[in-house]
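Next come two complexes, and both contain chain A; in the first it sits with chain B, in the second with chain C.
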Partner chain A sequence: MANTVVIGAGLSGLVAAIRLARAGRGVTLLTKGIGGLPLSQGTVDILGYAPDRVETPIQASASMPEAHPYRVLGPAAIAAGVAYVQELLGDRLVGSPERNVLLPTAVGSLRPTCLVPTSMTAGVVTGGIRYVLVGFRQLKDFYPLLCAGNLERQTTPDGQPIHARGIILDMPAVEDMADSNAIGYARSLDNPAYRIKLAAVIKPMLEDGEVVGFPAMVGEHDASAHRHLEQLLDHPVFEVPLPPPGVPGMRLNALLTGLAKEAGVRIVAGARVVTFESDGDRILSVGQATAGRIRQYAADTFVYAPGGFESGALNMDSYGTVTETLFDLPLHGLGPDLITAGEPADQALFRVGVGVDKEMRVVDPAGNAPYSNLYAAGGILAGAIRWSEKSGDGIALASAVTAADSILKGA
Partner chain B sequence: MFEPDTYEHDLLNRASLDHCVKCTICETQCPVAAVTPLFSGPKYVGPQAERFRHGESVDHSLDYCSSCGICTHVCPQGVHIAELNSVARSAMKADHMPLRDQLISRTTLMGMTMTPLAPVANAVLRFKPALVAVEKVVGIHRNAAMPTAHVQTLVGWLRSRTAPKNPAPRGKLIFFHGCAQNYFEVETGIKTIEVLEHLGFEVIVPKQGCCGLPLQSNGIFDTARSWVRKLVAQLREAPQDLTIISCSTSCGGMLKHEANEILGVKDADLLEVGGRMRDVCEFLLEMYDNGDLDTSDWLPNELTVPYHAPCQLRGQNIGTPAVQLLELVPGLTVVESGAYCCGIAGTYGLKKEKYDIAMKVGKPVFDKVVAINEGVAACDSETCRWQIEQATSVPTVHPIAFIHQAMGLSKLPVSTGG
Partner chain C sequence: MRSLDVDVVVVGGGSTGVGVVRDVAMRGYKAVLVDRADLAQGTSGRFHGLLHSGGRYVVSDPNSARECAEENVIVTRIQPTAVETTGGLFVCGPDDDPDFGDKFLAGAAANGVPATEITVAQALELEPRVNPGIKRAIAVQDGSVDGWQLVWTAAQSAKEYGAEVLTYHKVTRIERDGDQVSAVICTDLKNGEEVRIGCHFILNCAGAWAGEIAGMADCHDVQVVPGRGIMVAMNHRLVNSVVNRLIYPSDGDIIVPVHTVCIIGTTDVKAPDPDHLPIPHDEVQKMFDAGEVLVPGFRNARALHVWAGARPLVKDSRVGAGDTRHMSRGMGILNHAERDGLKGLLTISGGKLTTYRLMAEHIVDAMEAELGTSHPCRTAEEPCPTPAPDPTYVPTNYHVTHRLHDREHDRMEDPILCECELMSRRMFTDKLAEQPSASLDDLRRQLRLGMGPCQGGFCTVRATGVAHELGTVDTERATGLLRLFLEHRWLGLWPILYGDQVRQTALDNWIFSGTLDVEHLPEGAEVV
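This part shows the complex of A and B:
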């Protein structure tokens, strides 16, 4: 059977693996650990800032600099990537790639994003909306009064008012717990009895027409928890993403990992891929540092989806030399002044990465492929500052689907 | 407190903890923290508390860590959280090791004393008043999943059977039985050997003692080191170019990585033996991937089997080979437990102060097994099998039992472990 090894279990690795396996390929997914999804907000960002706030992300992607992954991919590939994750997750992700929405963050700013989990849709900013934010004395990651105060000070993009107030409950996730975290609450909220108890406390505090914002922890596994809480309160309810661990991202991770297994992907987790063998033109196998030995996995094609600096796939040493740590691939975006005194999150260093052609095959800056069967996807790609642009999810999806399709076409 | 220049000292001195970016992914996956507020979770007791320890432990909730290793497994940054915690726990308990932890750590002793007296031992282990007494005196919970002792050891079986005379076209393998297969899981050992012989291997079984894992997981490091070194020497008495097969995830894992990563035994001999060690399902699946395992004459088995991938197997970073292997049996449907840990974690769930936690940890596994099973469940680890059987009353066997059966070496339905 034709087979592919995918390296990395973030959004891009999981999606590429599922698409290949569903098309009948033998897929082995090698990964050190869980990918970045649990650290995300659980929404799908395509493009939020370019550098001004973006309303129509696919359209705006064409205005990115030439070296940006979106320019290599093109609007059709972005749309295909987004459509695929919607196909995979069905009605759990709502929205259109043609239009961004604004959602309140935990500190009450307004964040542009594109696809939104069902549990967050009620929070989308609209003119005259009246939020009530619910916090817990035992939860240190969410301050409803701060959130509400900041929301009150803003207006919708077309200048309409936003109303918000906060309430603080004294209710631990588990009895007698002094300090509860979002996961603890999410696990308690998986239990209908806890939801009923919680709703009984809140309901008398609500006013007509209010939309109720909870920290994002309305159930870890029980997909019906959100709907149930809305019914109990008889008010629309939405989740506000918190700092990690982020429950909405964990849910996405669990769903996609489950789909990968169902599709027959062999997931081998827990160890880094540390070596590879090649015949000069093709990668023949990669070696994962399993317990006691390096295990070689041979395949005819390889998708490299290891993330960027944040997961150790890219490294900068104390002399300022940047390398890709597994294949020692040629990097794009190198130059002087990679780090300057400017905005810390917007350094040129973060645009350094691996270059690809339209097929997502890895190429050097001159456009030549060092290995004819090596494809790259996601955070490793050069040219984007994903967190400032809010483009990481869209890049991951579009590149994963494109890489998978190139392999399936036998490119 | 550990002396400078020892492995523990180095590890406690932050070998990997600075890699922690506080992403909290480990916290979300720790099965113990999920069920009890007594344990604050891997990041807190690991890379975080470690900064305050200075060789001594400041945080006694550490003892609630089951050493299942899931945190290390899921950490995207390569922090050796579980290893750090094991070493810190050993330091914490160095001066007041409970008698119980010393007793259940000496598996060969338990095995040797139990074997000749098996019928008596089993009767005692199933007799409530005796168990209540055991709980009072040594702190092993009265309902804990204890192994069943057998009248015959694997070594005894090897001695009494007539070894196959047919040629072994595929060459030789070494079988590492550990204490588990020798004393408590004799049938799993027999089936593994028979499957390998059926495939055309000659199976060599050198004399071998205990790897010392239970000592290690209870923090008794010095004795554990001397035991594992002795075992390595024994295994190296057989030809040194042969692959070594284990059907015990715990014993195999000890030699593959735990002796090195937790006990800090860096002997070249150990690393060499660890590099030759294969879990039996890992080995068979690799044969299949290489086109060397012919499954065309495997007998069908129309059955849905709940399967639990034990944390000890995950820690070996080889995926879940049993799933793919069992799916090669015509008609067999495998449903994964979907949970990381059954709660027993070696000897953790035997202890009276941990028993309730262990049962809560394992609940998702037990619920799945009860819901899915059609009379039998599968799991690669012996201690987990005892735990699952104890909690669900569903007979739970090593995956090799289904392969044995598919090869026509035993009859349907699977006989219940052994």
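This part shows the complex of A and C:
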């Protein structure tokens, strides 16, 4: 059977693996640990800023600089990638890839995104909306008064007012625990009894017409937790994403990992891929540093989706030399002044990455493929600053689907 | 305009200034200290954290060596919570001249600097990461000192003796009444108010900025030559005692364990403007190369932060004006009555943090000589007050595990806002209550907020949120504080960014830009 090794268990690695496996390929997914999804907010961002706020992300993708992955992929591939995640997740994601929405962040800015999990849809900004943000004294990563204060200082894009207030509850996730994180609360909120207790405290504080925002921890495993809380409060409820570990990203990770397993993907987690063998033109196998020895995985094609600098797949050493750490692939975007005193989020270093052709085959800056059977997807790709652009999910999905389809076509 | 009258105004809130105001207050004068920024925001907070044993100077500057040896013992006793008694080693690198060790031991013996040669094997047992190729090792009594703790505890002592400490008060003018100083005019930068402080004496302890202050009293051409040094903090204690290179003082010749990190220093380059200290790429590389000599694999460790300080060196005709390293580290007192015919003004320059108390004693003695008065100096005998959690608390020297110990006791009641530095919510709210107009950087210097590996990635929003929740700051100011703190963290990050700290920066970018979209928050208030 034709088989593919996928390296990386983030959004792009999981989606590529699912698509290949569902099409009948033998797929082994190698990952050193949990992928990048728990760092995300559980939304599907396509393009939020370019650099001004974007309303129609797929259309705006054409205005990105030439070296951007979206220019290589093109609008059709982006649409196909987004359509595929909608197909996979069904009604768990709400929205249209043609239109961005704005969601409140934990500090009260309005963040553009595209597809939104059902637990966040009630938070989408509309004119005259009245938010009440609920925080917990024992949760240190959400400050509802600050969030509300900043929301109140803004209007909707068409100038309508936004109303917001905050409530702080003294209610630990677990009795007598002064210091809980979102996961601790999410596990408590998986329990209907905790939700009932919580709703009883909050309900008397709510006013008619208010939309209730909770830190994103309304249940880790129980998909009905959000709807149950809405019923108990008789108010629309939405989740506000927090810094990692992000519970909505964990939910997405669990869903996609489950789909991958159902599709027959063999997932080998817990060890880093550290070596490879090639015949000069093709990658023959990669070696995962499992306990005691390096285990080789041979395949006819490889999808490299390890993430960018945040995962360690790209590295800059103390002399300033940037490398791709597994295959030592040629990098795009190198040059002087990769790091400057300017904005930390917009450093040229973070545009450095691996280049690909239209099939997502890895190519050097001259356009030549060092290995004919190596494809790349997601955060390793050169040319994007995903956190500023709010483009990470769109790039991951479009490149993963394109890479998988290229392999399936035998490109 | 606000006005107050005192005997003595001390200008400058670094170690020299607080040492002086403490001494002046203890001798019975009514005194006020002013600084344009926070205490120890300048040079006293921008050094490598070494409490000298004197070893560094036994060959190059014997007088300083003797003073350091004496003051080391005194500071360790009077300000225990600021000092960690790590001990130190001088090690002769593989390519260094082993005979220098003989000069070192002779100099140490002659100047009362405790020093004992130990075998290389013993040294490597004490410090297993040190270069196994070292040829000699000498044990000394170096310590590590937190400049901010040192300055704050001395300031607290001064306040208990009636002194007033006015931070964020920038001196704009000095008034004279004929040949006598009469007042210092300041602007309170937090609210823009002008403050007139009538006085009989001004002690100019403004360090690298002393020339500027003297100029305001029409005493011109006071030549302080700032010597810029850079320091790099690595993310763990590669060594647990101070490790010095057994050579004539040079660049990158010392690694000091300070709190949870270790700091390599330093360079010494003439700096034209102490307010703008560049951190050149080649100097950073020089630090890493020097680190490799002392601890092989140094470059594989994670660099956390870099900063530059400006030594306030006295211009000395014996050495060329560009050679700041070999100017005297001793202090100089400029007597403006003799020099410029103005009574009531002394300018102090030079010196170092380890001997700050002794300098202060000399300066106040000089002031009293001019005034024709005399009171005994008691700063060496009386310990500075230390914040005591309960009345039975007996302060001990700082130890790196102190915070872990404290959190073991309060973690069930009190959340930890900064996991890297184990700063609890209560530690933060207590300091904030004392200084409600502080910036997050002001609080950082006392709490180590944001100084660990994540460089503010997780704690910045928490600190901002708590200050806002308590009502100490409004939303505009909270937003301004958050942004300013992140900007300031980056200043000390980008010049040393590599390896795992790049990963950390990417994660922090996912948090602040990706998830929180901080760059698109509505405008924050301008924060002073």
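The rule we apply is simple: the second predicted complex is superposed on the first by the 411 of 411 C-alpha atoms of A that agree within 3 Å, B and C clash if a C-alpha of one lies under 4 Å from a C-alpha of the other, contacts with A are read in each partner's own complex, and residues count from 1 in each chain.
One rule holds in what follows: a residue touches a chain if its C-beta (ideal position, glycine included) is under 8 Å from a C-beta of that chain, and two chains touch if they have at least 3 such contacts.
On a predicted model such as this, the values are computed, not experimentally measured, just so you know.
Engineer: Please work out whether A:P244 is in contact with chain B alone, chain C alone, both, or neither, and reply first, second, both or neither.
Structural biologist: both
Engineer: Have a look and say if chain B or chain C is in touch with more residues of chain A.
Structural biologist: Result: the larger residue contact count on chain A belongs to C.
Engineer: Per the contact definition in the header, classify A:L39: touching chain B only (first), chain C only (second), both, or neither.
Structural biologist: After superposing on A, A:L39 lies in contact with both chain B and chain C.
Engineer: Just chain B (first), just chain C (second), both, or neither: which does A:G320 touch?
Structural biologist: So A:G320 only meets chain C here.
Engineer: First (chain B), second (chain C), both or neither: which does A:G312 touch?
Structural biologist: A:G312 sits against chain B and chain C alike.
Engineer: After superposition on the shared chain, which partner residues are touched by A:R293: those of chain B (first), chain C (second), both, or neither?
Structural biologist: first
Engineer: With both complexes overlaid on chain A, does A:L329 touch chain B (first), chain C (second), both or neither?
Structural biologist: neither
Engineer: Is A:K261 touching anything from chain B or chain C once the two structures are fitted on A? First, second, both or neither.
Structural biologist: So A:K261 only meets chain B here.
Engineer: Pick one for A:M64: touches chain B only (first), chain C only (second), both, or neither.
Structural biologist: Once the two structures are laid over each other on A, A:M64 reaches no partner at all.
Engineer: A:M177 contacts which: chain B (first), chain C (second), both, neither?
Structural biologist: Both chain B and chain C are touched by A:M177.
Engineer: Please identify the positions on chain A that touch both chain B and chain C, taking each partner from its own complex.
Structural biologist: 39, 176-177, 244, 310-312
Engineer: Can you name the residues of chain B that touch chain A in the complex?
Structural biologist: Its residues touching chain A are 21, 23-25, 27-29, 34, 37, 72-78, 253, 255-257, 271, 274-275, 277, 314-320, 324, 336.
Engineer: Provide the residue numbers of chain A that touch chain B in the complex, in ascending order.
Structural biologist: Listed in rising order, the residues are 32-36, 38-39, 174, 176-177, 181, 183, 187, 244-245, 250, 261, 266-272, 288-293, 295, 310-312.
Engineer: Which bits of chain A are touching chain C when the two form their complex?
Structural biologist: That would be residues 39-41, 49, 53, 105-111, 138, 140-143, 145-146, 149-150, 152-154, 168, 176-179, 241-244, 246, 308-312, 315-320, 339-341, 343-345, 347, 349-350, 386-388, 390, 392 of chain A.
Engineer: Can you list the chain C residues touching chain A in their complex?
Structural biologist: Listed in rising order, the residues of chain C that touch chain A are 285, 288, 299, 303, 411-417, 425, 457-458, 461-462, 464-466, 468-469, 474-476, 478-479, 482, 486, 490-491, 493-494, 497-500, 502-503, 505-522.
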